[in-house]
Amino acid sequence: MNVTRCSHYVLTVSDLDRSLAFYERVAGLVLTAREGGTAYLRGLEESCHHSLVLESDPGPPRCRRLGFRVFEDRDLDELAGRLEDLGRSVTWADEPHQGRTLHCGDPCDVPLEFCATMDTAPRKMGDFSSFQGGSAMRIDHFQLQYANVPGGSDFYQALGFRLSEYIGHEGQPPEGVFLQRKGNPHDMVLFRGPGPRLHHVAFTTPDVHTLLRACDVAGELGYGLNVERGPGRHGPGHALFIYLRDPDGHRVELFTTHYQMVDSECEPIRWTPGDLRIAAPWGLPGQASWHLEATEFPGVPVEVPDGFSPMTLERFLEERGSHK
Amino acid sequence: MNVTRCSHYVLTVSDLDRSLAFYERVAGLVLTAREGGTAYLRGLEESCHHSLVLESDPGPPRCRRLGFRVFEDRDLDELAGRLEDLGRSVTWADEPHQGRTLHCGDPCDVPLEFCATMDTAPRKMGDFSSFQGGSAMRIDHFQLQYANVPGGSDFYQALGFRLSEYIGHEGQPPEGVFLQRKGNPHDMVLFRGPGPRLHHVAFTTPDVHTLLRACDVAGELGYGLNVERGPGRHGPGHALFIYLRDPDGHRVELFTTHYQMVDSECEPIRWTPGDLRIAAPWGLPGQASWHLEATEFPGVPVEVPDGFSPMTLERFLEERGSHK
Amino acid sequence: MNVTRCSHYVLTVSDLDRSLAFYERVAGLVLTAREGGTAYLRGLEESCHHSLVLESDPGPPRCRRLGFRVFEDRDLDELAGRLEDLGRSVTWADEPHQGRTLHCGDPCDVPLEFCATMDTAPRKMGDFSSFQGGSAMRIDHFQLQYANVPGGSDFYQALGFRLSEYIGHEGQPPEGVFLQRKGNPHDMVLFRGPGPRLHHVAFTTPDVHTLLRACDVAGELGYGLNVERGPGRHGPGHALFIYLRDPDGHRVELFTTHYQMVDSECEPIRWTPGDLRIAAPWGLPGQASWHLEATEFPGVPVEVPDGFSPMTLERFLEERGSHK
Amino acid sequence: MNVTRCSHYVLTVSDLDRSLAFYERVAGLVLTAREGGTAYLRGLEESCHHSLVLESDPGPPRCRRLGFRVFEDRDLDELAGRLEDLGRSVTWADEPHQGRTLHCGDPCDVPLEFCATMDTAPRKMGDFSSFQGGSAMRIDHFQLQYANVPGGSDFYQALGFRLSEYIGHEGQPPEGVFLQRKGNPHDMVLFRGPGPRLHHVAFTTPDVHTLLRACDVAGELGYGLNVERGPGRHGPGHALFIYLRDPDGHRVELFTTHYQMVDSECEPIRWTPGDLRIAAPWGLPGQASWHLEATEFPGVPVEVPDGFSPMTLERFLEERGSHK
């Protein structure tokens, strides 16, 4: 039942050409295949067939599934048993370019899928002259706005995810959790908020130069306002980041890589809510939209947690001022 | 009468130790000498004695003088004659570590000084292990908020400055002018606004890594909120930049170097006011304070230009939205 | 029996102060503790007590042990059984700051050790102002010159290591193997040559800027000749690298991070011996010493493989010329 | 008679398409125009029509002219008078896309040309998505192997060039001189050696990332062996550099920018011959060809200075060893 890593996701988009131009030229992903209204993209170092699937759809932009990998096909059967033990119903699906695939909703009905293998494609990280924009290397993690963070945290830990960092007052339920399988701090991140909604998916970028090149190319191609937050430095993990909105408003993060977290003696790190070193060790926070907007899952209603009040720029600056 | 470059400036500060810590550790300047309540700093590549002079003073923070160089001492006499022809009164001063020095107010009473030579000190750009923060290399330009941009532009051009870029509607007086002597686009920049006030002084930084290191060290040392704008990309000049506020609120820019502008066939480049590619080709604008606050010159009253309305974050986002 | 990663190593050095200055100032490691004639160092992002142990010793410089981690203490017992099944004799040791530790020689008598846990220490990757030289982040892999590459490759694969890349003529025994446990291509690398000898240990560095800073500080501190190879780009893995010799001649590599290799469908990549894209996609090869010199293990005789002839600069240039 | 800067040069090449591919894709220059067998290229930030002219010619590769700028057209007449006073004969030429142009040989018959203006073309430094390879920004300096360094140094200083750095034993004639007009240390560099020959022409590159990208693209496109020296750090000036050979063997340097040198109090810096910090503060020297090969000027015989012995790799390593 060895879930190994965050693997891929499926978005609907209203104009496939426009979305492809964005993900190839600004983010720097490469196109593996385009089949009818579906495009399969992967990062420059990835040998798997796809980490991002774009499906043309005239409806509102949605995230259809979040995909994880297990190591071997037989792990899928063990995983299916565990999911049913946890009260989740599972189905088997046949997804193009993937091995046998297991579908299941998480406790807040986030549509998940698991597979062991994919078709392969050549790694492109040596084709230097064709790197574009942010030179996105590989998918790293999902981040969700989520109404029931403690419940979600328990669920993913029951599947073997380890808690690397969390945000919460001592002795109280966490408001944000960073869960990992692949030995760095992130594969799935849940933050308290109106959800379930996909806040962003993060891809690695080689360094600050490619991070900035994504911004510069975004500006050049008319996507300057889509640089919604950053460049900045994360508190947890200490990576450099930017957040971009794609033409349909789906959010993608590019960030330089994270620290290694493999050993069993590593204890989860707790951050205090309102500790502004989390949100912004320096500089400006994101645009208000960064705090408020996210991608819904089709047919899954959004629930607002009790007592939740959204972060606004005014509130952010006020709280930050009080810490000055 | 060969004015060669932007050279140095004199600030008053309320706590000299605190200010030195900021300029050495965050900006990366090096201390040449501290004499009583005065500290002399220079950039890592500078062989002149100082490009920034900090004078301890219990009053409000002020900029006492902006300094330029001429090539040879005899150029000072020719310059003095030209300034008197332009209706400015001049005095001769004896400033420590500088050759013979000429003092003069510009048309808005900005206190200027000119000298041909300074004491020298070793260039430090090979002492890699002692580079700190932003590794500020050398002073590059002054930028002022200024009530009479056309008048100031004429004055500096009468002293031999060339106009490299300007902001203005076609056929109307400029709202911002970039004036240069040293062969890159900037030595003195004047922007329409309540003035005369020193908006910022810019130092070069080697690359985006040292730019980010200034931010990271600012955050680490408790100056995270002092990263007032950026990292971002300039429209005019296309340099990467950050703006920092020092502990007294004086603003310093770090930026990667500019293009060369030496040849006589180079025509000034005009930018349209409200073209948001000027202020921010991508990402967020600065904090509101970036648009509103600046350092006064001692004893020089601040005049608000007719019909001036300050840029606010709300206005910025609104205007940007309308251009989306 | 889950070996998780390359973890730590133990070197003897003739002058502990001098070696510490090198590893702290040039490579950028941080000192966790110094106890008598032993110093414990770790990378900036590491929370484990040590990844490099320096032991003062008047004899010739040697590598005393190469350390790996297993996930949990009980994995050690399973591992001990497996090693004995493979014909290796094991002993249990009590090493300071480590949990229960298993000692064992590999098939060429390389002294290995395995433990599940270590004491912890704070991660330092947010202490930006104290980063030095190459800002070494974490240990990544060991590379050995090895007389019996096929035998070694079988042994490590029997312990669960996966083959990510290898060098060899089709259908013939490999001349070099890259073996991994932690999901990137390297934990242990064996190259055909006079051995067993430790060719180098690699630490990650954040980016090309810190890679160059290691070189610049090496030059500034009198270690300029110790930059033995690079900066260059690897063929396999495509990372940027430099190789440094420490004051006793032990070799350390700094490199930017590698691609992820987690999925079961990833097939090992074969490189042809003499394909010069392996050694140097561009630029000069290393100094001759890079090809010839390595650190011995105490009491383990060095065996020269049948028919082995060392690479020399002349031969390298000649072979490269013939491929031009 | 204000010579302002190093401006442009003219090379003959045997295969114009192949040379264009090299300069555009590897060095990153942009093509302004191709007219018959002549191609005009410029750097990304340059608004002048050309800084490199390639002329297709079946003969051996040669450098036809080195071009400098004066500020205004009338400066040309004053310059012509000065050159004749110095015993040089001058001619007036009509070169495409340049204003009135003055031709003259220097004391070793290096073919020079001077003009005040050129046609203009848009600066491209904001077209981020089309930057290629080394992103060469602008021409910076010429370096020659030269049989009579003292004589050449006097000649260029008589034209107003300033000596920024030089290599020589105290009280003896210099072996290398760095001469400048534009306020950084270089416009023309003369080194004692078989000449006159053009050793290289240097273009600026934004930072270490673009420097490495030139190497990576060179390797990818089959020019890996053409990375003849570097990446490395200069002793004088402390810039990062690489040297590339174009398909005909003409050498081009890419380097990060230099320090500013404007003020009259700056004294020339003397370096001792054999001080290896000059050639290589760290790492390997260039390939032997870097020391031996250079481009001849058509019809100008090459003279070997008395007592000159070329630097070889063996000699370099030997001398370096003796300094260890």
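All chains are identified by letter, namely A, B, C and D, in their written order; residue positions are counted from 1 within each chain.
As a convention for this text, a residue touches a chain if its C-beta (ideal position, glycine included) is under 8 Å from a C-beta of that chain, and two chains touch if they have at least 3 such contacts.
Note that the coordinates shown come from a computational prediction; the quantities given were computed from them, not determined experimentally.
Each of B-C and A-C has its own count of C-beta contacts, and the greater count is at A-C.
Ranked by separation of Cα centres from subunit D, the top chain is A.
Rounded to whole angstrom, the centroid-to-centroid distance between subunit A and subunit C, based on C-alpha atoms, equals 33 Å. The geometric centre of subunit B is 49 Å away from that of subunit C, both derived from CA atoms. For subunit D, residues touching at least two other chains, in rising order: 126, 207-209, 216, 219-220, 281.
In terms of inter-chain touching, the protein chains here all touch one another pairwise. Every residue of subunit B that touches subunit C in the complex is listed here, in rising order: 25, 126-129, 132-133, 207, 209, 213, 216-217, 219-221. Interface residues of subunit A facing subunit C in the complex, by the touch rule stated above, are 4-5, 45-48, 69, 71-72, 116-118, 120, 123, 125-126, 137-138, 182-183, 206-209, 238, 256-257, 259-260, 262-267, 281. Against subunit B, the residues of subunit A that register as touching in their complex are 208-209, 212, 215-216, 218-220, 223-227, 229-231, 233, 240, 276-277, 280-284, 286-287, 313, 320, 324.
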